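One structure is given here, and the rest of the page talks about it.
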């Protein structure tokens, strides 16, 4: 369904009747710009029928004012000098539409963000506002009536990332009757949450609340679950994304395998030899393995870099014989699928800070220095030590220290606070006390327990005897100064409340490593063509008003890929992202700015100079006529071809050459 | 008494005489033309003098074709005189239409030009550094010479112009159609360029051979490399300005195995021909890094001469601006 | 150590100028830069303490008989006068100015150093002392108030 | 008429997605910078036609600033590459026509770089102030003083 | 290969053995040192406590003369000199007003300094210019059986980690391993030895030196190798006082260059080992501490 062509014929236009409005924005603009003077000046310009200044143009009475004026004075052009068009252009366009005037007869003048807020000198600011107002008035004379372009939205969605954020979003979309493709890079969904033991502040077990949702994803008819897969290309635009997904071979037929693990037992490697990623390397697994007991899908996977048969081809393949359902397919090839979806929800999560970057904490040098994730696996009953907290040499630690802000709130690594490590560390402290009966000391700068029930959890830890020392740990070392310190890890820290440097011998140290963006966040950002803050988190359109939407229509964010957050906030964002996606998909179309380019067939000579310029290949050549034409549905309105057409035969709605030249002239002609 | 034949005047200002030739190129039709018009002024081909022109009442001349750019005070006077005497004034040929090749002089100040010609030029022998003076008296005679303007101008930058016939020189068909239209009393809309308002590729025989996705890695000079007569010149890496130049000449140069140099000027929708050509060509350059881009741009040795060959006076900047504050009017 | 470095920083921010400049803590800093390298807000703590030491000397409020400021001033004086330091005489100057008894007690070390040739008795001096004196004089004009910020650690 | 003390007049073409948003961010953060720049919003720096730049200069601008997204950030994949290529050639053209290339400046400013925008604007205003006025309209008038009659009204628009 | 050399006051006094051993070892490796003509005291950590401006001017005279002599690099073995000269270089690059002050002062002595001299440390040059292989070839008497605690001191890796890591430096470890010695795992590599505090506030300073020796002993080291004349002075000259207060710790302190000399088969006297107050002899088993 191609929307109505916007070829407004250049009929001879009657002299436009312009209404000019300048907004005080309370005092935001009026403080530095003399609004009355601007209105008085505008009234003197040709075509301006009336010019008003008003305290709040974007308010209902403000919009009502415009609508009355349009009806009363038969205005057919409106210029509003107020804030950024990115903020209220759609508000005023809606007001014009309600008054029966084509909404695209509006032109806004940014005299707040670009003038009053950034200049102090009242006279210079007013002069600048006057020039910009004149430019807008001269521009709006050339505006034409346009219709927004309706782009159909496919009712399918892609959810990228199978952590709790992706799972929750996918389930919501599926429940709403939309087809969902959930792509997860690891062999199983679950993300970091699956590795946790209990969750704060309620201490309910992560697996108990996550596993039902994972199996719901597996069972849901509307969800296509692609694990061990990655998105390698995204093309198209909102409502019509073409996503290319590469599925890595598991060397197992997913349909046949039921996860009985006979093959794992039969593997030539009698016991695990390779570090188990799920247990953060604390235990070992075989080349053929099930990621973790509640893995979804409940299918084993063969690690191609470790399996003898895949690496050298010389193996007795005892696994194949052990599998009565012969689900093992050694010649399985990677598959590349291309799917068409309407919306994309990015929920790719986070990575943990690598503590070897801070050598003074001794991670990697002293065996009994762990990260919170490793400690999480130790206290976890399905972990490598079945929940028993043990040092690397198997001994039970009698004293444990947890060091907060490792890598976070540090200008040399990450300046941001990772939000969850305080609570995560306090939860671990309780669990370690419970599992190993050890004395636990938490070294902190401040305890940040801002969530619901979080501060009460902090009280509970204090009551249960967890030690808190306020000071940033300088060093973890095995340099013993007294006999009492022999054989222990000594933490040197200045206890800022006590007022002196202390040396605290401990058996085990846990580093509360902070969150950082995924290692490949930059490549993924380029594939999705969304922008990224300079730290590497994906950039939301507006930190307060648009936290889950991006600058690219149809692509939404959920969870830690947008910034550090805990599980409650992540799930809330996943719900929000799903709702935003559903809003698009349910409506079935999206109205896009009609700023597409168009070619006048009489003017085009068929020189093809424009064809290579369009990244969306929206410009095609009509062979019979020898003329180029633009497919309005594909054109995204960048205007590169308009600037490049050597005979000036391509124009762009809302940004016609005449309009821009009028604006240039308006800005520069002396007052 | 039979209707008096419409009067025709032809005059040449800063021109090479090629446009006079173009009129003669009408060949036999000149006879038929002369029978239907009363040629009152054509200094290049007849002995009619300025006085003959001054005696005519205003608007007496039906149409006058002025070719050549305006460079001297005399040419300015003659332009005003012909404007006064003519009903239709036509800027005939690229020089009058856009400033033409003489317009390229706007890259230099008046002093630089005079010094070059009368002092430092390689073949100039002028030890006393004598320069032409606007007036010179010997005995009781005073001789006067027209003065050289600081800048070259197209005709419509001096007098109001009714129509433009583009081309360097305009083709006979163009001239014939224009005169026929005027003589047949159905004049086209005032101020229009009497040539199709679409780019040259429309008439170029090589259009089909231009690839759909052409991006440029280097440009070559037409005299330094063999030119394949069939294939699109841009595709071969020659800087052909066809896409940015008006049609009307039936692609004379590409048919003569030479790239179009843009003499018909831009279409009506373009304000600055050079900027538009540059915008299109450079957007389609292949390289992405500064060094590689510069390497390609180095294969265009004279950007002004290439992009503004016929149109420098009518470009938005009109010529070289000497930003050193001292110089007065250049 | 009357105040901890953290307290000194707090006192500086709270404008307790006298307490800071008269404290002994600022003199106990051996400028090993450990704090500067590990500060999470990249504050150049060592350079700040240097600035406090200078201000204490320039305003003459440093603890009179505390050996470290005395050593610093003797060191500077010798460097200005000869262009080089002769350790033997520096130590002699220090002990004569601060406490005689310590000099007597460490005669054994002194003799050993002379025996092993590590205490040279010939005073070291540079040839172009005039150059040095001219250069240092040029800075005398605004040496009283060193306003520029301490060196930045990259 | 131009005010007594000359203040540089700079026209800026900002891409809607990056630089214009950075200017909004500079506003929201109340960063202060020189008031000499007049911003014209275009959907992409690729839409900036060199004609716009020459027209701005011809109409009295002393400097033109083009703001676009960093390479790789362009909302339309490679609009900024086209701008980059055009500007490399336009600089040569301006130099050949006697206009200091520093008067026309291309900057990549991302949506989150409000402070960079403030810095670029301030620095450009200082640089243009150092270069002095360009003021082509006045120069064109001074050129036309040599003509005996005033030039006709149809000046400027071609044919 | 000829290298511009800035000895510093200590290497002519307390640290004479460091200069003798370093020169001998570099000569053995075919590297000649060309002493900077009429160098002056760098001001060490003391002058900066009196007047930072004058300290900068004082040190800048050396760099200005080095630049005028056409040196692009300057070898500064003493840790204090190495830190002060590097700090000056950074100050000039970072702070225009320091740069102007220094230039104005240098002009009085018709000198100037553009900032082109790069200050280098012997460990940096031994590993990154000469290379471990060239050193390994020269080893005739590997220090087999000798357990050495590598002590970098606090000023060559901080605050500017120019050629090694600020927390876990490894250059000396690699060098000593190349000489055949067994490098002891010792976490106090970059802890401070007390600096000038040992002489002025013994109860604070000596304790820091004692901690170094105690931990080295606990780790089973026979000898402590250092790069800094002041550290060597504290650990060697005050060794008797330390033992007097905290009991016997039979660990001598030598310069790493002295160990290199021994491994190259040079005579101990040529390496200034006779200047140690706590004697050190190799290859016989570790000496017993004498008074």
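What to note about this one:
Lettered A, B, C, D and E in written order, each chain numbered from 1.
Heads up, the rule we're going with is that contacts are C-beta pairs under 8 Å (C-beta built on N, C-alpha and C of every residue); 3 or more make two chains touch, one makes a residue touch a chain.
The structure presented is a predicted model; accordingly, all values stated were derived computationally and were not measured.
Common neighbours of chain B and chain D, by the contact definition above: A. Counted by C-beta pairs in contact, the busier of A-E and C-E is C-E. Mean C-alpha position of chain B lies 82 Å from that of chain C. Separation between the centroids of chain C and chain E, computed from CA atoms only, is 20 Å.
Distance between chain A and chain B, defined via averaged C-alpha coordinates, is recorded as 58 Å. If you average the Cα atoms of chain C and of chain D, the two centres end up 56 Å apart.
Residue positions of chain A touching 2 or more other chains, listed in rising order: 360, 613, 640, 643-644, 657, 661.
Within chain E, residues 167 each touch two or more of the remaining chains. Within chain C, the positions touching two or more other chains are listed as 34. Under the contact rule defined at the top, the touching pairs of chains are A-B, A-C, A-D, A-E, B-D, C-E. On chain A, the positions that touch chain C within their shared complex are 360, 405, 409-412, 472, 474, 494, 496, 499-500. Per the touch definition, chain A reaches chain E in the complex via residues 359-360, 477-481. Those residues of chain C lying in contact with chain E across their complex are 1, 28, 30-34, 36-37, 44, 46, 50-51, 53-54, 57-58, 67-69, 71-73, 75-76, 79-80, 83-88, 91, 94, 98, 108-109, 112-113, 116-120, 124, 126-128, 130-132, 134-139, 142-143, 146, 148-154.
Residues 165, 167-168, 187-188, 211, 214-215, 218 of chain E touch chain A in their complex. Taken in their complex, chain D has these residues touching chain A: 1-2, 7, 9, 11, 16-18, 20-21, 23-24, 26-28, 30-33, 35, 38-44, 46-52, 55-56, 59-61, 72-73, 75-79, 82, 86, 110-112, 118.
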